[in-house]
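All chains are identified by letter, namely A, B, C and D, in their written order; residue positions are counted from 1 within each chain.
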Amino acid sequence: MGTGNTMSVEAADAPPDRESQTTETARLEAFSDGVFAVAITLLALDLGVPAADSLKHYNNHLAGALLHNWPHYLAYLLSFLTILIMWVNHHSIFRFIRRSDHRFLLLNGLLLMVITTIPFATGLLAEYLQDYLQNHGPENWRVAQVVYSGISLMMALVYNYMWRYASTRGRLLDPEANQQLVQSVTKQFRFGPALYLIVFVLAFFSPVVSLALCILLALFYALPSTITRALST
Amino acid sequence: MGTGNTMSVEAADAPPDRESQTTETARLEAFSDGVFAVAITLLALDLGVPAADSLKHYNNHLAGALLHNWPHYLAYLLSFLTILIMWVNHHSIFRFIRRSDHRFLLLNGLLLMVITTIPFATGLLAEYLQDYLQNHGPENWRVAQVVYSGISLMMALVYNYMWRYASTRGRLLDPEANQQLVQSVTKQFRFGPALYLIVFVLAFFSPVVSLALCILLALFYALPSTITRALST
Amino acid sequence: MGTGNTMSVEAADAPPDRESQTTETARLEAFSDGVFAVAITLLALDLGVPAADSLKHYNNHLAGALLHNWPHYLAYLLSFLTILIMWVNHHSIFRFIRRSDHRFLLLNGLLLMVITTIPFATGLLAEYLQDYLQNHGPENWRVAQVVYSGISLMMALVYNYMWRYASTRGRLLDPEANQQLVQSVTKQFRFGPALYLIVFVLAFFSPVVSLALCILLALFYALPSTITRALST
Amino acid sequence: MGTGNTMSVEAADAPPDRESQTTETARLEAFSDGVFAVAITLLALDLGVPAADSLKHYNNHLAGALLHNWPHYLAYLLSFLTILIMWVNHHSIFRFIRRSDHRFLLLNGLLLMVITTIPFATGLLAEYLQDYLQNHGPENWRVAQVVYSGISLMMALVYNYMWRYASTRGRLLDPEANQQLVQSVTKQFRFGPALYLIVFVLAFFSPVVSLALCILLALFYALPSTITRALST
């Protein structure tokens, strides 16, 4: 009890026993799943139903108004796929994690913060891509693409750091986790930050190339093992 | 370790042991439940409280303004029932599924994407049914009904493919699942795509018939076993 | 297999074994919790931040604008308490329920539908109570209170029917559930429909009395056991 | 059965057996996690995509419009961190709690109510900090800061009371909980109410000092153990 005073916060972090540890990551995963689920569903609010009164700009044709909104649908598809991949990644790393600590909770919180800003960045991208297509200059679209790719870069960095923090010397991993699988996750995350740094830098020079790369990377992260599997089935 | 490089993504997909498999579908179900719950609740945002200032169009009668909004309530009821049935279906198929793989995660993601667009399609349908009833031509309502029934068709197709992918040669099923029950699910899903294809094609010719069939199909999928059960109680 | 065709839907409903039964109500509860959580949080969207530009109506005083919005805060408090009580009730009845069937899933879905319309009814009530206080006639407030109390009545009816369906001859209950506790829940739900019918009918004659009763009933359902317990501590 | 009538509500609260107790706090935690997840994600709705049409106030520069919105980003960061800390606290205290009763459910409901108003208070703070920076007087910003810090004070008070209620004579705690850890949580919560009372009172005199203290307290609650741990690693 002599050291009770200085250890207070530390102690409160330490899980009392093995069973509570399982509960601990279970609630962390449940809370994170909730944030992922809300964020991915809120994306659709940006699809935007054109008001009947506003159709006069389109000769009163709803089809025209919907087609005109294609940047919103493209941004929606890209961001939905991005959040889905982030959820799959989260899922992948938590399969090996058995413990948590205060710093890891904060890192996970930082990740969730970035996730919750994706609907904002998506709306920004869609609004200013559409604006650019109406013969305005590319400056504002460039700003929107810088924000969008900057958020993607932050996600890659935070995931990378989270995994490195959790896996270094097996800090938070299940001691019985298959080392080969752990290393394959490490490999999988290795190139994300560098790739998204390129996408981010490119946004300042050519928003269209940066956006195209964002789309290609999302497809690349979503599809490969499907293709591999399809070939091996 | 020799094949470690080429198997990395594959390996990361393979669950380490039986216990993790349970956890894997558990989180997939929890995340999906979250998306279903948010989407079904967001539907109600379209009910729309008429602003007190806007009542002058209705001789200052709130009751008139609310009655005028009946297409929004109809669309809400239909879409709520639709998402509820989709959740029951999801629930039904996951009772037999014990494992997951990357392609199945993506298929489930595709399904969730379609689910999250239902509030958008619902708002579109309500807005343009209401517009049509105010003596405008049926063209825009037709477009809205094409979008709405197209999304219903996509749901039927994705569910059908998901179940076929999971159940073919028992790929992702619990090996001890009752084969008769598995086949009854297969039968249950068999006609969905064809029926919704008819609804979708009809939308181009007669939005009112297509909408009526959407309602009938939703009631049909919701009610039969209740009726059967009521008779057998 | 001879009867396989006619039993298909029935069969798909029947849980394969005891373990799946637990999973079945678990997912039903998780999905319902999600809807409750989203609906209760969306209520706060109606609190409404007054735009800085709109303060000219209040001599540029934010405090005045906020005070003027008190009907929104009152409606928020009432509806938050109502949804919370509904969640506690849901929780109470599911403690005894071990199985589910198609009809019960639909009844639960109907309950969730009513829950998701509460934010709409809340906004309506707040908007037209505020409108009435600005020296407009009570007609529109009456309509809003009829809608609000009608939704409360529906909740009471659906809960009552759900519990009666589940508990009659122990249909869906845990066979080992304490019969005395089961009967106490039955007693607890007995008077809800009648009380809310009175509140609903009163709304047509006196919205203020109907609203006051809504508040008293919510407090009554929330507080009694606390008071009892406080006295017995 | 003689006392059945008077004990009805009490009895319905009493969990039938040990296993149900675990289920009881599990659902309470799941529901609370849902509310935390929705509230923390809804915060981002206030980030606000500037409409392309509205950029004329900023010489048509999106970057200028975004920079002008910095109070919204600051308020978002502060509130996200606040809700995250509240979730971590919730998590911390529920690690020791094994039972629940009606009063504790209500206290938890009160906490969730305060949590759901944070997006409102955040929007208010951002709107009127921005308004103040456009050379308007500080009166409205002061009101917004009073509301914001008042909500923070309420959170501290409710948490403190919840923990005291649960832990006094081990009322709701796991009997096997480590007493030293329990006391460390008690210590951790001890100063919150007093600190937030100071922040609240200061808001009436100097909104900028009160806001600065809010930020410092959030960082203090988020960071210390990380720093301690970093030093001890």
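Methods note: a residue touches a chain if its C-beta (ideal position, glycine included) is under 8 Å from a C-beta of that chain, and two chains touch if they have at least 3 such contacts.
Small disclaimer: the values here were computed from a predicted structure and weren't measured.
Engineer: Taking all residue numbers at the chain B to chain C contact, is the shared part over half or under half, that is, same or different?
Structural biologist: Looking at both copies, the contact residues mostly diverge.
Engineer: Quote the value, from 0 to 180 degrees and to the nearest 5, of the angle by which the CA atoms of chain A must be rotated to coincide with those of chain D.
Structural biologist: Roughly 90 degrees of rotation.
Engineer: Find the geometric centre of each of chain C and chain D from their Cα atoms only, then give the gap between the two centres in Å, rounded to an integer.
Structural biologist: Using C-alpha averages as centres, the distance is 24 Å.
Engineer: I'd like the Å distance between the centres of chain B and chain D, where a centre is the mean of that chain's Cα atoms.
Structural biologist: Comparing mean C-alpha positions, chain D is 35 Å from chain B.
Engineer: Touching at least two other chains at once: which residues of chain D meet that condition?
Structural biologist: In chain D, residues 30, 33-34, 37-38, 42 touch at least two other chains, as defined above.
Engineer: Using the touch definition up top, name the residues of chain A that touch chain B in the complex.
Structural biologist: Per the touch definition, chain A meets chain B at residues 29-30, 33-34, 36-38, 40-45, 47-49, 51-52, 55, 60-63, 66, 77, 80-81, 84, 87-88, 91-92, 94-95, 177-178, 180-181, 183-185, 187-188, 222-226, 228-230.
Engineer: Applying the document's contact rule, which stretches of chain C touch chain B when the two form their complex?
Structural biologist: 1, 4-5, 7-16, 20, 23-24, 27-28, 30-31, 33-35, 37-39, 42, 101-103, 105-106, 109, 112-113, 116-117, 119-120, 123-124, 127-128, 130-131, 136, 139-140, 143-144, 147
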